[in-house]
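This is the structure, below, for whatever I ask next.
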Amino acid sequence: MLLEITDLQVFYGRIQALHGVSLYVAQGEIVALIGANGAGKTTTMRAVSGLRPAAHGRIRFDGEDITKLRADLRVRRGISQAPEGRGIFPGMTVLENLDMGTYARRPGREQRQQDLERVFGLFPRLKERRMQVAGTMSGGEQQMLTIGRALMARPKLLLLDEPSMGLAPMLISQIFSIIKEINGQGVTVLVVEQNAQQSLSIADRAYILETGLIVTQGKGRDLLADPAVKAAYLGVA
Amino acid sequence: MKFLIDNFWTLTSTGLTQGAIYALIALGYTLVYGVLQLINFAHSEVFMVGSFFAMWTLNALASHEGHAGALLIIGLLVLAGIAAMIGSGITALFVEFIAYRPLRRRNAPRLVFLISAIGASIAISEAFGIFISRNILPVPQLVQPKVVLTLFGSQIYNMQVIIVAASIVMMVGLDQFIRRTRLGRGVRAVAQDQDTAALMGVNKDRVIALTFLLGGLMAGGAALLYTQQFGLTRFNVGFLLGIKAFTAAVLGGIGNLRGALLGGLVLGLAENYGSALVGSQWRDVVAFVLLIVILMFRPTGILGESLGKARA
Amino acid sequence: MPEKILEIDEVTLRFGGVTALDGVSFHITVGEILGLIGPNGAGKTTCFNVMTGVYQPTSGSVRFEGEPLGRRKRHEITRLGIARTFQNIRLFPEMTAVENVMVGADARHHTSVVGALVRSRRHRQEEQEGREKAMELLRFMGIDSRAGDAARNLPYGYQRRLEIARALATGPKLLCLDEPAAGFNPNEKAELLELIRKIRDQGYTVLLIEHDMRLVMGVTDRIVVLEFGRKIAEGSPSEIRENPAVIAAYLGVPEDAA
Amino acid sequence: MRQRHIGRFAAVAVAIALAVAGCSSSSSTSGGGSTPAASGGSSGSCDVSLGFFGALTGQYANLGVNIYDGVKLAIDQHNKKNPGCQVGLVKYDSQGSPDQAPALAQQAINNPKVVGIVGPAFSGESKAADPLFAQAGLTTITPSATNPKLADNGWKTFFRILGNDNAQGPAAAKYITNVLKATKVFVVDDASEYGKGLADVVRKSLGSAVVGNDTVQSGQTDFSATVTKIKASGADAVYYGGYYPEAGLLVKQMRGAGVTATFVSDDGSKDPGFIQAAGGKDANGSILTCPCLPPDKAGGTFFADFKAAYGQEPGTYAAEGFDAANVFLAGIDAGKVTRADLLSFVASYKGQGVTKQISFDSKGEVSQVSVWAYKVENGQIVADQVIN
Amino acid sequence: MSTGERLQAIDLRRVRAVSGMRRWWSRLPRGTRFAVLAVVAVLLYLLPVLNPPIITTPDSDFATVLFTVTTYCLAALGLNVVVGMAGLLDLGYVGFYAVGAYSVAMFASPSSSIATKYPWLVCVPIAIALSMIAGAILGGPTLRLRGDYLAIVTLGFGEIVRLSAVNSPGLGAAAGITSIPHPPGALNGQPIFSVLDAKPYYWLGLTLVFVVVALVRNIENSRVGRSWLAIREDEDAAELMGVPTFKFKLWAFAIGAAVGGLSGAMFAGKQGFVSPDSFPVLTSVLFLAAVVVGGAGNRLGVIVGAIAVAYLPERFRGFQNSRYMIFGLALILMSIFRPQGLIPNRRREVELADRKLDEVGVEVNA
């Protein structure tokens, strides 16, 4: 078990966002966490990466209890998150943003070049724009950048927060095929998504989150057909 | 007015010299602001302590009337500069540890940070006044004043050239450090987005300490240049200079390194031209009125804010 | 033809190079509950902000009761009769619940410094009237039991309701609710649904931004759907539910169709 | 003379205050402690004290301490000679601030044993405190406040034991024209009451010899704009009205810019700090005027006594402080131990002090005034000559 | 769930503990409360007559010190409107204090350049009006600036006021203005406000403090005061709830300035002499410290703060030489250990208790 979350509760001030979430991610899997907005997906992500403290419950990673570990130290353990939306450094160039991904691990020149090539291989757009200031790029390009940057950390576990958000349909399917490809290279992926269709179709397993609780879980393909999914999103019973 | 025109270039060169020192000190305000969005009111004392370290070093090593060789002078200046930077750097870290870190841990309101920084400023300055001296203390000036070139009929002195050149070298060095190195990127990352920075494995506390340290090093450099220009220091020397440097930082756009340079130079020039026009006694009034006028039209300073967004 | 209370006409809004709204047009009719939906980042809240004067549209216009809003200040727009709540609760956290609502009621009051200093008769009248109105609204929202507590100390659901009470206190003709059900459990959502209907029945027009489709479908009369800053659909809840463009926008395009 | 002021600042913290409350109530500066017989005077007829009013701590303490030492020497000598009449000395440490002065003055007035005050030392605090002393009939002799207007307020209790700025200014002008033979003088002041007042008198006395003027700010360190003006004016002498920190920096920056004009300044600059601020050699050749006697020229054994008592030479105004105290002590010895008696005694006093022949005119000004020129030589301030 | 409840319980206990005194007080019968207040008020008036040991100042005149304390209380009350209630950081408040003092000096003193020789009492409203105008002049162009910019601009304003006084012969330049008349009134042919007896000044000052407290309280419990609080808590939300934020921020500045001007007018009427020396930047810092040390936003708190800042240094003159330093250290210690002030604002208290809760998060996070 690479990641194991037990009875996780998270508060914002006095507002409880997670009411006891338990899930696990095994080595080499793609696991999707889906649900409508405000269901607690991003909060779960932030708790795993250490940006949000857990009020209760436990998070184990690679056999170690990391519940109380500082966020930057979790990165060093091998958890890398591509944050949602415009979680890039807008004032840095693409290349600088990618270099930030290697901050914790300080690769040598050669290694860095290798990693860059790998990311550029996945996202040729980034190579074209590598000297561009990231804040001036389109939403889709920024999304690619956050993923590419997370990969630069050579994570054991890649956390993807809404990778399809704000993207045109063409780009969305492209992103998901890239996720699949990354996973093929041996990276375990936990992806949080609103776009149920796409994420479920690539995920090995999936959890459906509703108002801070996991309501359903199962194999990705199975859930695609599950009416509970449609209910969670469109409110059709 | 005639005086201003007749002496335009002299006023310009002295204004730039003064402005360069403002700019170096302003960097400290701007760095800390860029990362924490807080005014480090105690930065004036960071500068003051550096000037004392420079003085002690030079008093110990240099003779007041020495006409030593150029190499020796450069060596002494470098030593004094290092001492000043150590003094200022330690003070900056000290301020961070004593007056900022405990409050950050407690998530204190912004106003409280300001009060504790003001407290640190008063306490440090007064401690020097009580335990060392309240008098003006002379500092050996190593460089004999010499006219190095005459520009449009105005004489430019060697020290002026040294100050402007040294300031620019230090600022370029800092700029490059912030832009090109891993640690510098860490500083910019925290300035732009603390959470995302943490996701990259950046240790926020360490970066904040580094930011204070960098500001301290620049202030230490400024302190050495200041003592060499004026040959003195005093326990409260930082007060007015600090206010001016802070004004310069805001003028240029606080949180913006190049803004600090621009703000410092604009302020230095404006003070000198203004003094020539309306009399030296109105110098500070000129500085503050300029600040208010500029902020009225550009509410975030000449170059705008942000350590990150303006690309350092 | 029922009267239009608010008309959004070909509104485009650009930030730098990003187009947040792209020629959006729709209207709200007096007395209806209009739903404004769309996936994250579709421009719903931006649309709200244009209507309440937070942003000026790059082109196009917003008309309230036939009058263009133009460059009116935000507080003036509130006094015209548009009130709103916020996606992330933005109460005045250290003020009590009743004080929060009174701030809203103050939008219709006129006491200024001098009146307050000397405790003029109008001041006292307005204070009393404001307090009564505030208490009445708190009762209406069912949170009057915590009137004296700092807003910060209220449970989450109460805070959401308090925001609505505060908005109602400004005496609006149009009430804009920005994701009022965010973070609610199904029970709370059901209660909210009732509440919104009650508010409409009191004679307010309501604009509702909401993610929870069950809520939106259940309460609105009409729905406008945005995606990428464009309007992609408009119609009754049942029409919207069957609209393929909407389904694609929400659930994503199935792999084989991409 | 001085009337600058340090920011009125305060030690706060209830916590700390409470912690020290116990030990501090007895350790206050005034009254008891080191001063002899402030309260427990042995002789009934002599159970009185003198007050010292001026800065003993803070930025302007140097000058106050000089005067205080002179006053204390006078009282110690008196008490030694008169075992039956022990006069006390009470300190009122104003830190040179006019804001703190009234409360201290009131406190002195409330203490019935205090029959005379040496001070207030600076002009600003004098303006704040002297009205109270005048109302209470408590005589003051200032050994250092030189603002001429102080004598114009009709304060019957005001006496000044040295020449005011109206005497010093013309003397400085005379020295510049007669001794230095300068024809082009640039006059600078620091906008302070003292510095500007003095500079204006000098401007008036010099008339057409003034080729330029500028005003600087106290606390300023960069005088480049002023130096540029001086240089452009081609002056052969520069007069500066103000205090030593700025004076020292100004002369240094003048020399740095190659201005060789003789630098002349006032008693506010007559302080070792002037030479320090000027960085040593740049101060050499500067002329400083002062209505004060060179201490080694003081009469009697004052110079030697002072050195014996304190292990150092008397500083500026120490001798004036000594004289002022002795005027009071003479009155006390003559049995004038009430405030009213002492006031009329001082008003009609005639006697030889160590600095000059002392008597006061109807406005309280000392009749005999001498202004001395001092010169900086090899980093020392040495007496040059009396200006007649 | 259980953790949440536990946290909430801890939080509530904290809030209750800190507000215990307040609760006890508010539960006393109205009559008892009134009686206690009356006794306290009488005792306050009698302070300089009783000269209570320990409290009295051994080294300077107690009544004069008390009077100074009242001027600081007034200034702190005024600044509290700006900083504590409206949340606007003002580092140049001494400027308004100076405008008030100079207004009195200019219009009342026979030795000023205009020498209108109005009596003190006529000059007080003039001083208040001019201070308000100064507040509006400063606020008009600058209130749109964000917090830290506002701080440096106000600091500059304070210095502009002082330096203008130093450099303007019409304002008496550095020498200042003397022979300012005292407040009026006579008893048995003797003026009440004499040079020698500071007690009447103290009584007048104390009365004004009571009056200002009452007036500020009236404003605080009104539409205006609520608007200020709303602006402090969330300016955008306030604007969207129909609060004309700019107008009310300007009012906060003007009212704060007016109270500062009143304080300056009192100072001038007692001292009889004003000069630029009395208005340095550090005094602004001192006023601000009074507000923050006492507890920003709380009237009683800022009064306690003003007492701490103005009285303690006079009480402990023995520490003359190191009192600045102790003051500085005290500010740091206060910030760390009691950031809410000695007597915190009821609202701030809750806020801080809440922040404590979040500390759990900070520890994990930082």
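Each chain gets a letter, A, B, C, D and E, in the order it is written, and its residues are counted from 1.
Rule of thumb we're sticking to: a residue touches a chain if its C-beta (ideal position, glycine included) is under 8 Å from a C-beta of that chain, and two chains touch if they have at least 3 such contacts.
These numbers were taken from a predicted model, which means no experiment stands behind them.
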item: Taking each chain's C-alpha mean as its centre, the one farthest from chain D; value: A
item: Between the pairs D-E and A-B, the one where more C-beta pairs touch; value: D-E
item: Chain A-chain D separation of Cα centroids, rounded to whole Å; value: 76
item: Distance between chain centroids, defined by C-alpha means - chain B, chain D (Å); value: 37
item: Centroid spacing, where centroids are CA-atom means, of chain B and chain E in whole angstrom; value: 33
item: Chain centre separation (chain C, chain D; CA means) in Å; value: 73
item: Junction residues of chain D, two or more chains touched; value: 9, 58, 191, 215, 217
item: Touching two or more other chains - residues of chain C; value: 152-153
item: In chain A, residues with contacts to at least two other chains; value: 13-14, 16, 50-51, 70-71
item: Complex interface listing, chain B residues touching chain A; value: 182, 185-186, 188-189, 192-193, 195-204, 306-312
item: Contact footprint of chain C on chain E as seen in their complex; value: 15, 215, 218-219, 221-227, 229-230, 233-234, 236-245, 251, 255, 345, 347-348, 350-351, 354
item: Partner chain B, residues of chain A touching it in the complex; value: 49-51, 70-73, 75-76, 80-81, 83, 87-92, 96, 99-101, 103-106, 133, 135, 149, 153
item: Chain E-facing residues of chain B, complex; value: 33, 37, 39, 98-99, 102-116, 118-127, 129-130, 198, 204-205, 243, 246-247, 250, 254, 279, 281-282, 284-285, 287-289, 291-292, 295-296, 299-300
item: Residues of chain D touching chain B in the complex; value: 9, 58-59, 61-62, 191, 214-217, 219-226, 228-229, 232, 245, 248-249, 252-253, 256-258, 273, 276-277, 279-281
